[in-house]
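For reference, chains read A, B and C in written order, and residue numbers begin at 1 within each chain.
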């Protein structure tokens, strides 16, 4: 019998881990001479206090939903895809090519085309590490890290070379045509005089991200493929016995993972920047790891964790603006969340399990 | 191409190989004991920052080195806690440590020095100075031997010579001492060590802490010998390249040296496009040169240059079984 | 004055979470004797010995060694108290030499060389004294299991153990190697060592021990002099009721050839030639039993037939060849051809331990159209199917939502068996059907296998338990070192002959 009720596993453990991470983050803020309470107030005010703040929070959350889902799908096959960053960069390249070189009649078609291109490019970037893992046993963690570096160099090469408009000094593509511009929340939710989300980058891709959540949920828990992916993740030997091909599962799960990471580009490249710039991903690929761990690799959990990190990201930007706390503080928080929800899981879990066991004993007696 | 150019390239090969070598040996101790460590990068980065910060404050590179080792050891302790005591996922722990270092170094540097997440320039005794070996000046003009000795062998910082000494030392420890026997055993079959009445946890902690010390030296070398300050993300993937070198070397000390020299050479070449151009007689793209070590790492991992068998118990937390 | 017992345990108790593995156990072992401990899987034998070796800490109870109250917090303390243990799964470092393995943990000083030199001298003396010859410079992974076991015994003797515990020592040995082991144990006993032998094999207890303790469900039910008891009495004490040691079955009604294997060769991914030119067939309505010590190619044979190992040669199923290397050499294609497979290791292969029972009932058959509705899997249909199967195979508790890991070994095996047998296959592959299963479930499982045979199905049985092979098979083949050593009819052979074949000897060799 399980030592703990399911709700404790799904809700209590991530919550305690989060509180631990928050306490340590507060200590860091204290140590550099700022007030954690004031910092939190600033963050809440900046990220959630206005539709403008919400617009940024949800914009960042959209990125993290895609990358968090990407890491989650790979996790189900027990693959650790640290390459979300590089895959998202390549997704951006796909979006840029599609938007720049195809004359789209309407933004909806452009979004469709760009999403497919982003997914294909992201998947392609995950394909080589996946293939090497499946066929040569090369450790996917290290190869995907290497592919992040290679992706950065590739984009650097293209953005100061072939993709840069003539005469421009900036390492970036030209502006995408008007027809490819996605409706922002401001466009969608402003009625008459009252303009909501004014100037905030949240856009229609947020809803694509929500659709992706449902799609991943159905894939993992409702389809045969998802069943095979989970089976392989639980036990490779058993999967082989059952006639599930490890090569197929490694490839398919990593392609889906890479595709999801790549799709982030419809938000940050097409939706926000409307051109491809250097370092467009801004670490969202890595935040996906924290989001997936915290969301327990479940799309609903990923959704909630992504909103939380969207809040932290936007709040962190506000902090950097008004206090001496630099933006890198968010990286610290992200590291602590990964540490507590991922690596130190047993530290939180073991005492809780003992507690529940003791409670049950008392109940039995 | 003349002798001097070759010597200059080899000299910078040596300087660039040293941080890889130290990190790679660090990884060797940890992985031979069965603890995967992809947090070498973060430990180096943390050590680089604290060594530069303390060296600047104290004015002594050696005090800086000590501080760097302390910073790296602290992260090692976190890794040990997660992967040994709480039997967590070693890869995830390593990832967390890398981010922790990447974030904390900048946050603390900003609050300490207020220079946008970097330390001030180090000068004088706050930096490791090159050491001129005996007779280097005297025989400088002797044909061939003179320049080789003067340019290549002499004129490095103390840390370079320390790093090189660690290679035979590590070999000796691994294959000639009781500690080495036990360390190798715990990475292969911890149950054998446990039933022989030796603490698996203790051995693994020692290995992880040695790893911390070596990463600490590597980081300090980056900020106080190779460069003269800490800048954001200055480890630049060296921890990962060191891991690739470790796999390439199949976890053996002498081969670690050769692998790191190879990667050091690639990095040195990336700094000298002029040399490449004169040898190959066409221009090689700068970005390509930069990513060559990463591409080579992937090729090595793909096993096209010999299959590596990692320590058998690597990556798995030890749970007692009947 | 009477001699103090070598070991005395008083009131030992130990729980793992909600499971009580040892309940108030007391035992007394006299020096210079061989003391057997017998009991079913999960009776608590290994837990008790692990407590004695300092691997686990008892919740309550006292330990006396040679009359002295002793606490054994860790293995170091056990070794210091003169206790040595040979585990069922050897605790050797495979890429170390024999000498390095023996020295590990018992080095004289920080430097290795003097320790190795002394160990080399001492090993020679021990080898001469006890018939324990091994090559000190051989790498452990290159020597056979019998030799590895000697290394384990030498490790204990090198640490000056007076008390030697052996946990299921003959599981991996041929009958001849087992006999050699028992001769070694006799030698050790003569030298005054005390030996505790843990086993579930009644024959070994009767042959080798002076006294025997029986354990059942964590309790010590009896301690008797071996000379005063019988196998039937011990079996009853183990199980708590009278057991049939014989399977009742009618003569086989053999039909057409179902499986025809011709010149099969398997080389594993390390390049080791595992199955060498093997040919045999299985007919409808018969059980072909393959006997052999584990690791002689039987597992690979099952894997090839089950579709997850590549091979060369030819296999005909109902007269048509099956794919051995290509796209159709997978488990799904095998199942489609009417081959069902109960694998040797249900926890690593047959089940996903974290999956609920119903998810495991679909395992391998998840493509079944009955389990689909449109794009998705039909979870309700699978659950309904699971409820039926659990009822027919008497799986307890009959809860389709319980995780596989929460069932006992016997009930886990019943889930796998139900899944495979209920598919109405032409051929059932079944490996180690009763490994780690309690006696009650063993009877049930044996009955199911025989019932399937009586429906006219072909059954290929692989087991390392010779008794099981003899009890169930209509025809027996023996594998050794990847080869078929020959076939025998059960009425024409006996354990002795099969044992020799398992060691690679033919009748001619023996003569």
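Side notes on the structure shown:
One rule holds in what follows: a residue touches a chain if its C-beta (ideal position, glycine included) is under 8 Å from a C-beta of that chain, and two chains touch if they have at least 3 such contacts.
It should be emphasised that the depicted structure is a prediction, and the values quoted were computed from it without experimental measurement.
Considering the contact criterion stated above, the chains in touch with chain B and with chain C alike are A. The interface holding more C-beta pairs in contact, when A-B is weighed against A-C, is A-B. Placing every chain at the mean of its C-alpha atoms, the farthest one from chain B is found to be C.
Inter-chain spacing, taken between the CA centroids of chain A and chain C, is 47 Å.
Computed from the mean C-alpha positions, the centre of chain A lies at a distance of 31 Å from the centre of chain B.
Every residue of chain B that touches chain A in the complex is listed here, in rising order: 38, 78, 81-83, 86-93, 95-100, 102-104, 106-108, 110-111, 114, 117, 237, 240, 243-244, 285, 287-288, 290-291, 294-295, 297-298, 301-303. The touching residues of chain C, counted against chain B in their complex, run 46-47, 50, 53, 55-56, 74-79, 85, 87, 89, 91-96, 100-101, 103-107, 109-113, 115, 155.
For chain B in complex with chain C, the residues that touch the partner chain are 175-182, 184-185, 188-189, 191-198, 312, 320-322. Contacts from chain C toward chain A in the complex involve residues 17-18, 306-308, 330-335, 341, 343, 345, 348-355, 359, 362-364, 366-367, 372, 375-377, 403, 406.
On the side of chain A, the complex with chain C involves touching residues 1-3, 218, 222-224, 227-228, 231, 234-235, 237-238, 240-245, 357.
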